[in-house]
Every structure is written in structure tokens, then in C-alpha cells.
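By letter and in written order, the chains are A, B and C; residue numbering begins at 1 in each of them.
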Amino acid sequence: MRSLARHVPLIGVMAVLVGAALLQDPVLNDRAFRTATTIMLATSWNLMVSAGLISLGHAAFWGVGSYACLLGAAGLGLPVGAGLLLAMAVGAALGAVQALVTGRLRGAFFAICTLAMAEGLRVAALMLPGLTHGAEGLFAPQALRPTPHVLGVLGALLAVASVGFAFWLSGTRFHFAMAAMRSHEGAAQMIGIDPRRYRVAVVAMSAAMASLAGGVSAWYGGYLDPGVAFGLQTTITAQIAAILGGMFSVGGPVVGAIAVVAVGDATRGLLGGVQGASQGLFGLILVVTILFRPRGIGGLLRRARA
Amino acid sequence: MSALLSLRGVVARYGESVAVDGIDLDVQQGEVVSLLGPNGAGKTTTMGVIAGLVPCGGGTICYDGGDLLRLPPHRRVAAGIALCPEGRQVFPNLTVEENLLLGSFHRAARRERSRTLGEMFELFPILLERRRQPAGLMSGGEQQMLAVARALMARPRLLLLDEPSLGLAPRIVVQLFDTLRRIAASSISILLVEQNARAALGVAERGYVISAGRIVQRDSAAALLTSRRMQEAFIGKAAGNA
Amino acid sequence: MQFVGQVIADSLLLGGIYTLAAVGLSLSFGVTRIINFAHGEAVMLGAYGAFWALTLLHLDPLLALPFLMAAGTAAGYALFRLVISHLLDAPQENQILLTFGLALILQNLALYLWTGDQRATTPDYALNSFLIGGVVVSYGQLIAAAMALTLVGAVFVWLRRSELGRATRALAENRRAAVLVGINVPHLYALTFGISVAMGAAAGAVLSFILPITPFMGADILVKTFAIIVLGGFGNVAGATVGAFLLAFAETAVAYYVPEGNGWSEAVAFAVLFAVLIVRPGGILGQVVAE
């Protein structure tokens, strides 16, 4: 499981990603950047699922990260680096809150709480224009904003860091703790794991990663409003990528993220004018995957090699 | 005269392990037959296969001249087979009366419901007393009686009883088996699974002994009672209970 | 004094409608133990159904109601047997994600077919209102609430008194025993699911009188329904009713008393959910399964 050799394909993929970001081709950069943030989102979502927690409101973390960066820049003059650190901190804090409030809840009730948090934040952002500029939207201060190329490379490096983190985590005690929690938190307690502390840790880490992705994405896109920040489509992307690629593994979310970005682009290309086409397609993919291949593409790949 | 129920070479699996490994068993019209054996021998699985709860992995089951395996579980009840399962399995939040009404859910039984209900209250007076109480509040023995009565509400031709004495005080077991004798006196055929061999053989005419998924002995009840093997294996244990 | 009366009146009327939506979900979960994250979409489709019935067929939503419910039952039955039945013994993650995926498909299908423009069904009589004891009541609200409570009452009676209703309650309690008494379990599961969809559709038709209809209205309804369940209880009609009225009261109070309350009232359900779970992690009646 831990032998680096088995992960050569993954390392290769990440190298390609960084390479694509480094090249001067704007189209490739854009693809690479979006893939990078999707990888981070998917890895982050996967982290929670590995502990048995389904997040239907991952957009909450993405959104606060986005707002932290842009509000920090607009209000406090924070440059990208500091802004991203702030985003991580805010994200982690929100994650901790979510974990503490939901206590020992699991399954559907946990899921609905995550959804409630994301939607609640969206409404709050809408209703507090004094703070967030509401529906009007918030623009990234141009003076502090790096070029798309720089952001592209930054994004790719952050994605590598995220995947590397997930890989490292999979070798620690944490990994077993999460697997235990996934099957039964009560049983986890019996082998000396305090579910509460692990849950706070897992959700905080996952949230920080998603917030980071949201933050760098906000800088890249340059514009933010409650819909963009907290919209359901972010959560969907995270989920589909992780599930399609294969949950519970490190490489799965990466594979899934690449697939999702590709599918999204293809749909936009072919069915550009059709409203709801890509989201609806994602829904179909989700249903079909759960019905026939719950272990995702990654699962297929693993079986073929073994 | 052909048997009402006839199992030939029946096999049943739980995942990888074989719980029932090719058994032959007959129940004639109006007979009481007992299936005896230790824990885990495959008795409950056999009942499950007959009732349709457990998929049959091989062999044939002939009931009333037809292939039973072709019927889904709910049709088997309509065909006249009622299982009173191990562990009672009453509907705890429904009243005693509602439990009984549910027993006669299938169409044919519904038509005769009032008559059957009266018969059940006569057979088990305690149920009449507790008719409006939630079934889950009754004692183990009372729930067992409810479970048997519920099965009888289906007006079955073949009654399957799985471990009715399990967890009951000896005094209650005696009471219950007296009632079983009364039921047996009507024309219902009964297949009785029991760990309490002595009680079972007191009411059955014939018996099969099953061990590790296979029938290892078949004889009349009287012969089984005196059989040395039986005495060593089961009645010795049961002596502690009854 | 008057103001409070208005709040109470509005709450009662809204509560009736919320009850209908919540009872449907509660019934389906109580029997099949599958949490249906697409329940909000049943409501949404019911609302659109009422709208198109009015627009294309000039059929009053209340007259369209039986047809919508019949369609909902049939669609729910088919969907269960074809797709959802696979989830019966699946891990809860699969249930959540699959039904969530279904919700996504339905939302975007609605978006594609009918665009994101807001619609409303307001038959003429719904706009009239009357004054009673100083409180303004619109006919639309009143009829909606009356219809909703009638349907809930009908389901309650059906569960208590009819053969199938009793069988449904039995199935909810003990699947094995239900098989043993001759209940056709796969069929009854699907039927129960169909009924829950029908109730959702009815709630949607009735809500079309008072809420704007959009393809994404289902998501908020879902959260509200969960808030109701946390407040009052899963798997029983009485609890869902209590929860529904409590939520309706909270939302109405916020809408009236908090500045710009109308915008915030959407967030009330979320706040309620969190608040209840902080104070009573098991839900008010301890019915939420933690571990």
C-alpha cells in the first residue's frame, strides 16, 4: 500500500499537471488550473468520506476560503500568500465548528447538516451586502492579483501538496482510525480512538484543503458572489470526482478530477447552450456509478492490476 | 398417499458455508413431525427455505403436488404454509389484535377472519385479555403464544414451528406444548423444530435428527425417545431444561 | 396584539402545508429505511405539474391534485422498483449519494425543460382574502392548508384502519415477520414510496399557491423537511405535524419581526437544525440515531 513504486502512475500524472501549468499556453494553463483545484476539492471530499462522513455542503469551505482571500485583500491588503493562509485558517475553523456541532451524528443527518451549513452561508452572504457585497459581487483587487500563469503554477503546486498530504496521511495511524470510524464509531472507541477528536481533525483538515482551493480559485477568477462561492455545483464537482475516481484511495480523486473536468469541458463544447446539461449529466453519472460501480473507475483500475 | 410436504436433496448456503447439505424430509397430511438437532445444525435454515426466506441452493421441494420453489414467499402463505419463526418476531408496537389480524392478511384467510379469531382467543385466553395491548409489552411466553396464534390465523395446512420453547420457563413450555397437542388434534400438519427434544417428541409422531446440515437419523418418536444416540446427544442436554 | 394574531394565523396555514411535505418523507423512511434526498424534487415536480395544468389545461390546481398524486404514485412506484430497491440493504452512503444524484438529474431536467424563470399559480380566487378577528387570511393560503391537512388526515386514517395501512405499519416494524404473514414486501415497499412521492407532489401543488416555482426549490424544501423531522420525529405522523407547525411559526415570526425578515426566513430552517442539534444532539425526542 505504501510502496512508492505502486504510485508511479500517480506521481507521473501530477508531474504532467505541473508541467502543463508551467508551459506558456493559456488554454493548457486554464485546463491545468481547473484540474488542480478540482483535485484539491476531490481529495478534500474524499478525506471526509474516508472517515464515514458524507459532505453535501463542501461548498461552505470553498466559499469561506474564497471570501477570506478577497475580503482580506480588499479590506486588509493581504497579498495572495497571506490570503491563502487566512483561507486555510478560516476553513479549518469552520470545519471544526461543523464537527463539534454535529457531535456524533452520522449518515444522513450529518449530510443534511453540511447542506444546511452551505445553504445558510449562502443566504447569509446574500443578506449581508455590507460585509460581502451581496449579490452585487466582489472583485479581486487588481494590484494584488498575480497573472493567470503564476496562479496556474501555484494551483498545480498546491494540488501536488494536497495529494502528497493525503498520501502521507494514509500511512499514519490516522488512516486506520478513519477506517475504523467509517465502519463504526463505537468500535473505534473500543480500540482507543476518541471519535470526537479525530472527527474534528478530519473535518478541519478537509475544510482547510477545500478553502485553499476556493481561495486560489477566487484569485484566478477575480470575481465572487454568494452563488459562485457557495453554490451547489462546487459540492457536486467534489463528490463526483471522488466517487467516479474511487473513494478511499489517494489516486482515485485525482483520476476522477481529471475525468470530471474533461467531461465538463466536453459537455460545454457539445451542449453549450443547453441549460443544466453538465450538472444533469453529473447527476446521471452519480446514479449510474453508485448502481453499477460503487467503487468507481479507480476501483476498476485496481482490480485490473491485481 | 403422497406426502403434503416433500424435501429431496435440499441444499442451502450462507455465503461460503453450506448450512443445509442435501436433506430429505417428508410431512404427511395431518402428521406432527419433529426436526431435532443441536445449535447451528441447519434446522432454522431448513425452515427458512420452506417458507421462502432463504434461497434454495439445490434440490426440490414438493408441496401439495406442486413445486414449492416456484412460489414467492407471500404466495406460499396463501398456499397454506405458515411459519412461526424462531424468536417470536411479533410486531411490537402493534396491538395483540392487530398482530392477529395481520396473520390473516392473505385473501382466503381474511374471509374467515372472525371465526379464526374466535378460535385463537379460545385456544389462548391470555390473548383475549391482552388484545388491545402493544405486543411488545408482553412476556416471552405470551409473545410465543401470539406468534403461534398469528401463524394459525392464516388457516394453514402446514404449520412450521421454529424453536417455540426457546427462552421460556419450563412451566410455560408445558402449557405451550399442551396447546400444541390440541392444535395437532385438528387436521393441521405440523413440522416442529426444537432443541428441547423431550418436549418435541412428546407431541410428534415422527422425528428427524439433523447434524451439520445432514439428516443423521429418522424414526418414530417412540423409537427416538429410547434411542441411545439420542439420549446421549440431546435428551441429556434437554434434561436440564424440562 | 393584532400582529401576533397574524403571525399565528400565517403559521397555522403554513404549518399545514409543511406537514404534508414532511409526512411523506417520514412515511417513506419509516417503512423502507431509505432516506430520500430527492424528496424535495417530488415537491418541485408537483408544483410544476400544478402550474402546467393551470396554464395549458386551465385546470384549477386543486382539481389537478388527484391526477398529480396518481402520477406521483405511479412514478414513485416505478422508480422504486427499478432503481431505489437496489438500495434496500446498501450502506447509507450509497443511499444518500444515489438519491442526491437523482435529485440533481430532476432539477436540471426541470431547468432544461422549463428554464429557471420563476412561475406561480394563482387562480383568481386565491388572491382574495377576508378579514377575521382583525387578521387577514388569503383564500389561497386557507385552501392550501385545508387540503394539506385533509390529505395528512386521510393518510393517518389509512394507516390506522385499512388492511394495507396496517400491513405498512407492520412492514415498518419487522420486515421478516411481514414476509411471513404473506405480505408482498417488494410491492408494498414500492407502493409506500409511491405514496410518499404523491404526498410530496401534493405539497408542491399546494405550495404553488404561495411560493415561487423554480427548478431548485426542492433543495430548500428538503432542508426544511429535515429540520421538521429533527424537531418532531421520524416515522410518525404526530411528530412530523408538531415539527412542521413549530418550523412554520419560527419562519413566520422571523419574516414579520426581523428587519428584512423575508430574506432571512429561508435560513430559519438551517438555524433551527443546528440549534436543536447543539442543544439536544439526539433531536428533541431523541429519535435521531447517533452512536
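Here is the rule we go by: a residue touches a chain if its C-beta (ideal position, glycine included) is under 8 Å from a C-beta of that chain, and two chains touch if they have at least 3 such contacts.
Computed from a predicted model, the values in this text were never measured in an experiment.
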{"item": "Central chain (distance from its CA mean to the mean of all protein CA atoms)", "value": "C"}
{"item": "Contact-richer chain pair (by C-beta pairs counted) among A-C and B-C", "value": "A-C"}
{"item": "Centroid-based (C-alpha) most distant chain relative to chain A", "value": "B"}
{"item": "Distance from the mean Cα position of chain B to that of chain A, given in whole angstrom", "value": "56"}
{"item": "Chain A and chain C: spacing of chain centres that average the CA atoms, whole Å", "value": "31"}
{"item": "Whole-Å separation of chain centres (CA-atom averages), chain B against chain C", "value": "43"}
{"item": "For chain B, residues that touch 2 or more chains besides their own", "value": "none"}
{"item": "Residues on chain A engaged by chain C in the complex (per definition of touch)", "value": "49, 52, 54, 56, 101-109, 111-113, 115-117, 119-120, 123-124, 126-127, 184-186, 232, 236, 239, 243, 274-277, 279-280, 282-287, 290-291, 294"}
{"item": "Chain C to chain A touching residues, read off their complex", "value": "35, 37, 83, 86, 92-98, 100-112, 115-116, 215, 219-220, 222-223, 226-227, 230, 260, 263-264, 266-267, 269-271, 273-274, 277-278, 281, 288-291"}
{"item": "Contacting residues of chain B [partner chain C, same complex]", "value": "51-53, 72-74, 77-78, 82-83, 85, 89-94, 98, 101-103, 105-106, 110, 150-151, 154"}
{"item": "Complex contacts: residues of chain C adjacent to chain B", "value": "163, 166-167, 169-170, 173-174, 176-177, 179-185"}
